[in-house]
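By written order: A, B, C, D, E and F. Residues from 1 in each chain.
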Amino acid sequence: MSRQVILTRREVFSSSHRLYSDELSEEENKKIYGKCVNNHGHNYVLEVSVKGVVDPKLGMFMNITELKEIMRIYVMDKLDHRNLEGVPELKSIVTTTENLSIFIWDQLYPHLKQHLYEVKILETENNFVIYRGE
Amino acid sequence: MSRQVILTRREVFSSSHRLYSDELSEEENKKIYGKCVNNHGHNYVLEVSVKGVVDPKLGMFMNITELKEIMRIYVMDKLDHRNLEGVPELKSIVTTTENLSIFIWDQLYPHLKQHLYEVKILETENNFVIYRGE
Amino acid sequence: MSRQVILTRREVFSSSHRLYSDELSEEENKKIYGKCVNNHGHNYVLEVSVKGVVDPKLGMFMNITELKEIMRIYVMDKLDHRNLEGVPELKSIVTTTENLSIFIWDQLYPHLKQHLYEVKILETENNFVIYRGE
Amino acid sequence: MSRQVILTRREVFSSSHRLYSDELSEEENKKIYGKCVNNHGHNYVLEVSVKGVVDPKLGMFMNITELKEIMRIYVMDKLDHRNLEGVPELKSIVTTTENLSIFIWDQLYPHLKQHLYEVKILETENNFVIYRGE
Amino acid sequence: MSRQVILTRREVFSSSHRLYSDELSEEENKKIYGKCVNNHGHNYVLEVSVKGVVDPKLGMFMNITELKEIMRIYVMDKLDHRNLEGVPELKSIVTTTENLSIFIWDQLYPHLKQHLYEVKILETENNFVIYRGE
Amino acid sequence: MSRQVILTRREVFSSSHRLYSDELSEEENKKIYGKCVNNHGHNYVLEVSVKGVVDPKLGMFMNITELKEIMRIYVMDKLDHRNLEGVPELKSIVTTTENLSIFIWDQLYPHLKQHLYEVKILETENNFVIYRGE
């Protein structure tokens, strides 16, 4: 009997950013993003979930150390202790949590493929975003 | 390419209530609701999630300050620091977390429409309820 | 060699209350206590700490099950799932977290004596009070 | 109008285990499970979710005390403060969180039937698994 | 009988910073502060504690709304959603959590005087600093 | 002006143990330690605090990476993912949280000396112990 589970790894990265769109005027930026137009920062909590059929012999379908390693290479090393505006791949996008969750999905997808189930980012304890590849 | 994310805002409201159904006898109320028939209270943690396609220019589909404001007007101002039995719209219902989650959904739906994805309430750290409009 | 440790037990009680002093006018009550003059409630997190010299044979100086039992009898059974205004011993006091912490200290002291070290109450995740018998 | 909610009960059990598969060599076990081949332990956080249509008269579809009792009998009493390797039903499986979530689902299903919606286990604050009966 | 309690207010501010001392060489900065020499950020959790004798009539010695307001004016408005390097009063210091806790103490002391008991800052969930004016 | 701060590092180790004293009869062990006489386990949360005068040039008195390294060598590597009964230095003691906090103090003291201020261990979210070298 094949059983499908969802496995999640949680990591925290501490980055700075500002919300500012080059396609908007200074005034529009301030109106839309408020105090977030200033450079500031967060301890972003990242939860990446993968889904797959458990191998009965091993009791897993992907080793969580492998998931952790993929997250380290493609996300943590790029974003942790960085100014997000300085990350080359993020240069052309507004670094809202919404866009970050999509960016992280796109970073991970080539390595996790159809197993990738969900990317969740908590920007603060009160604001969070989920992206499921839809 | 259109990408759909789920955005969640967390708020806490501190309210009192009792579980008591007028359609039940005193004895039945005690049997079903136990010590919850007494007036008591909670720090209710409310998580409201909305779902929508991200505008690439803005990096969001709904401004979280807008979501926060809608939650403030239609939920927080009505329920926070109140006795739920004294809230007019709640008079005829038993204020279980189940009913509260449906009530909050109904309060928010006219203002968030098809974007409203999920209402989650944690009554305590051990008991919580999700309503998704089904 | 005698070693002194501090042992803490955490419990949660869900109670309702209002802040209202009979010695103040209606207007003064509203000015001082704000929206807290309405009946509302909290999941109060209570942390009771005791201090003592560890018995090397047992690896403890007080069994935490004993501490838990004392807290149950003298605090939890009196306050949990209650309206604090209806608790006889609390009738004459304003049930601020400050007064609650002192009240709980006084409830526990006869049973824990010089071992009682600290009573901490978190009214919400943002507001808390410590009383150490000073 | 029938409304379907998801109700969740959270419990914590403190158990020990090791990850070791009899179908693998000593070397393979160490390579796959790393330091988890040693006997060690966790405070497992278990969240069991049930789904059903709310009875408007009672404001619930299943009493959470009933859910809690089912979890106590079929999960907590079997696993809490135990070495998982010593639990008869777990003897033939590797006690990964993945397998535990499936095991707990199978324990609860006969008693919750189609109401059972999700079993979530947090092994640590950074690693967790969800099983939804798929 | 006079009773002294400790009252704590918790706030969160989201700021960016880098650790870099002008008195050190580039190389020394990297060696001492590691990846923290890059501009990055945190959700700093700030807990300010005040100590005083409870007024029996009011059940408090300082209104927590007053404490919150003092924290807003002298700390939150200056640091939240800012790059700490751009805060004039912080220009000449390395913005370690140690220095921040002392800075915040010095900001608050003129307004809370002998009531000020403790400033605690959690930079991350794993690293925190307490300053008590010693 | 010399300023003294308290710096804390939090780590989590996942270990198994049982509470059992060789100096007690089987019956006494069961009576005193209850279900803890069975081999079981915890995610122990360890918070080690050091106290010292901040160097104004560096903004710290001890680098937290140094503290983390000392904790890794003298505590984490010895206890994490282990059965505490199998740790040579713990063989002759009952591994209560009280004794563990003293043991960890004694492990760290030679390396942190007078800076060592407090060892706190949370065995579960509800039970914790502090040892301050008294």
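As a working rule, a residue touches a chain if its C-beta (ideal position, glycine included) is under 8 Å from a C-beta of that chain, and two chains touch if they have at least 3 such contacts.
Source: prediction; values computed, not measured.
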| item | value |
| --- | --- |
| Contact-graph distance - origin chain A, target chain F | 2 |
| Contact-pair overlap exceeding half with C-E, pair selected from A-E, D-F or A-B | A-B |
| Copies chain A and chain E touch via same or different residues, half shared test | same |
| Between chain F and chain E, distance of the C-alpha-averaged centres to the nearest whole Å | 27 |
| Rounded Å distance between chain B and chain F, as computed from the means of their C-alpha atoms | 41 |
| Sites on chain D at which at least two other chains make contact | 125 |
| Chain pairs in mutual contact under the definition given at the outset | A-B, A-D, A-E, B-C, B-D, C-E, C-F, D-F, E-F |
| Chain E-touching residues of chain C, taken from the complex the two chains share | 19, 21, 23-24, 32, 34, 93-99, 101-102, 125-132, 134 |
| Chain F - residues contacting chain E, complex | 3-11, 49, 54, 56-61, 63-65 |
| Chain E residues touching chain A - in the complex, by the definition given at the top | 12, 14-17, 35-36, 38-43, 80-83, 86, 124-125 |
